[in-house]
């Protein structure tokens, strides 16, 4: 199936690809086109396609899956044994057209604009996937620390509010990001300024939080995060860059756990579109024309990008 | 409540205490008496005790808990806010008598001998606790790698067989330990000899196992374990010594998780006593008189101890 | 421990006791004092009590538990093997004083007034307990039908909103009750007027709802409820009076389940007090002096009681 | 995809179809061919089929699913919004050939004979599905009552043993069925003779069992089953015929739950084939030629059929 791209989100992973962090993992052949967060309109379909028609507005699940392996048959799309990942290991959506499959598209109301929702295809999807894993941990009276209120984090905060009664503490070095977090319902915001771990400890009666939801994973986030977990608590790893480096004695003595998160399932994407339609999740984005992609990447790298960056073909 | 010690198990943690790994965490005052794996007979009770009488044979849950805090009210004994840990941060059971509380004792059939079951109080309890966490992961067609078939591991293997239909792969450097693992029902045993990770990869179709149950946590176990997890899989941290040191990009790209485990609950101990009474768990031990404790510790440190070491007061 | 009663809630169960529905089950000796939903101040304590002091404001968990049996050790208070139930099988709180135990009291901020929160001790506790069971069923895009927006139902609605993103449909014969439901956040309200099942079917695309949360359980509620469940869905039984009477072929063909709910745990009560302190749950009550109890019971029986009825000793 | 039938299992549902219990639900057009438990060899495939080839030995999942709806995308095959059910609402496998889809077949080792495993396609699948739901309830020290050791029950017993450490009590009116149950590992067998409920109560310390797994659902099974549940326990409804008819006051006072079960998922069928390959599940069958189907149905109706009846085309 060919999608005419309406908008493609820019992700910290695109920076990490440029840095070479993904070269060995993706084994992608250069040159290729990144862009793994896509929405647009169906442009061309194969003969067997029954779920959408040419012209339909769609958001694109980032993974192309086979539908037949054990993972697919269990609803665990990201672990499809035969999957491929446009924008990571084959051509993606920083382009006019994208090749994907019928299994990867979610049909949307025609009134929706791709630029308004493209960022849900990966940033939002990853955030909701991690939050759904945390639901059993986050009952009444618990606290969750969200590290990073950027492209993923600002959606994560809204998912936490939709799914749980936990008290939300957001940490971020950027004052405007914290301002956005407060608007979206964070109970406490703490500026990352060196004293932030102590401030969070105070907010948690020196015990720490049941869940750390780390959308950053670099620049000291992991050490900070580990210091803020409550004994018996859980650390959700979403952002990446740095190592987790912790003595096993601390893992057992505090009985803490680290939970990996890789994007999300097709059902997660449907759920997120539902929350968006219900007004429980709203996206904050900054739009660039596709040919200004280098400006966008610079802004992202330097913390000047509010919400998620969106690229729109000319 | 005072227990007359019938037998006390010797644990790798007792070596780690001697090495100083616990000094900062436990804040124990020296000199003190270790021994956190105890069974014996009730020697003296306070006026309010209703669940046991003087002379009853009991196994002692290793943590003394308050019964009133949120953790206690939720059945999560090890996270009692007011707990203390005989043998770790106060005097333990390498002695003739042990001070504990009525909440910590499980009454046993008088025919049971403390030396035969003492090792269930911590080694067994820790093993069953970790295995119970792994049940949802270990359905039919899955594989679990058990690292270490010693004091904890040989009980873990039996718990895996009792609770799950998973295929069990055991790795250990000791041939007699692997022999014991086979007797207890391991489906595959692999000697730790440098090629063991490759062998396990072959046994798992190059995909790795859904669960790594690591009873060692040192001497390279963690690197090996990480290399053997299937994407989407879980690593249960039980043994300790070494660091977990892993790039967050691997945690997310493979969506793997690390689960901490701290001893077990009172209900876990009851469950283990039930499995033992049903013959589903049997202990393999080597007994020493209490005053030969230094020999026992040497044997443990040098891998000469089969099953669990048990100290019996003279 | 003796509590000076500040307020006691009136429950549909008190009507059912009068009708004789509980005589055989409770085996209570007549005469006795009902009242199982109590709050007040600690009046007298035994020597071993450490969690509260005379004068403390408390809400009383309705079950007196032993703390030592398997259920208690697992946090499953209501199935204590040695429990007793003031107001059901021994003297309760429609009185000046109540005898209970230290394990049953939750200490409150002294600024709280018993009359404002007493109804959380049973009505609220039962509602939150059922809602917590339903969390895994009620993801984004699901629908829940709440049957009855009275004493329990109006708290259930607020708990559903706090814990889940489900779309809430409330049915009730009383227009003021539906008005209250809308204020508390119900997404749809449907008057019970004979066409209500059809209306709910329309609201659920003719498929029914993933969860029916039935706070009524009589006067046709069960037939209505069964007709409104989605295939694969769950029926939470809370109110009672009528029979569930359903062919097993329907249970299997539709794969529907019926989940019993009995009051709630001590931890549930703590959770509810937290949600109340956070303003996520507010109680709607009508207060009567204790000696007007017969008027209160008449009002309840005739659907004239808004929210929960509260009796206050003179 | 066309399957050449190697064997088709006979099910109590085939009797219920003849009795007319399914007429309204299935809306099937008469005449039609029943047979919903099929195995054989791939006879013809469409152009897009990649998972099997002509000649492959396969077992057939009984439901034909679309692969695109929410249920399919979540691994919940039986609730496919576009599914059809050969043998129930369209032509099934009591025939030489069966029309199904590529999504419904599980490829088997060519050495397997369809007659040996066909009964896993529905009887076995339904049994494993129900047992997998019961895993969280059936820890060490629990008891499960299996009602009926026939075609489904004898597989259910083996699944319980593979997945849980529960103590298994089997009740059945037939002595040979109980004999089979004992061979397969039942811990206790009780003949249905009028005193069986009392006997089970004694075996459960007068408390009842945590789980009732009812493969019968008629002839008094439901009343018996309800009388044997422990407070807080679960009743798994699999067999059908009779009504569940129980006062809601009993459901709440005892906090018991009834769980519906409809066949099983594709992943459940894979799991069952794995357990069979590992020797953890073995089928007990009685084979008839396809044209002796009326004899087979008579034997089933009169309790003369040991294990599962299998029809083999001539």
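Note that the chains are named A, B, C and D in the order they appear, and that numbering of residues resets to 1 at the start of each chain.
Note that in this section contacts are C-beta pairs under 8 Å (C-beta built on N, C-alpha and C of every residue); 3 or more make two chains touch, one makes a residue touch a chain.
Just so we're clear, the structure is a prediction, and the values are computed from it rather than from any experiment.
For the interfaces B-C and C-D, the C-beta contact count is higher for C-D. Listed candidates were B-C, A-B or A-C; the one reproducing the A-D interface, defined as more than half of contact pairs identical by residue number, is B-C. Note: centroid distance subunit C to subunit D, computed from Cα atoms, is 38 Å. Work out the mean CA point of subunit B and of subunit C, and you get 41 Å between them. Shown for subunit C are the residues that touch two or more other chains, namely 76, 270.
Arrangement of the chains shown, judged by which pairs touch: all-to-all, with no pair of chains left without contact. Residues 16, 21-22, 25, 71, 76, 78-79, 217-218, 222, 231-232, 237-249, 251-262 of subunit D are the ones that touch subunit C when the two sit in their complex.
Those residues of subunit A whose C-beta lies close enough to touch subunit D in the complex are 48, 50-51, 67-68, 70, 73-77, 102-103, 265-267, 270.
Within the complex, the subunit C residues that touch subunit A are 132, 135-136, 139-141, 162-165, 167, 270-272, 274-275, 278, 280.
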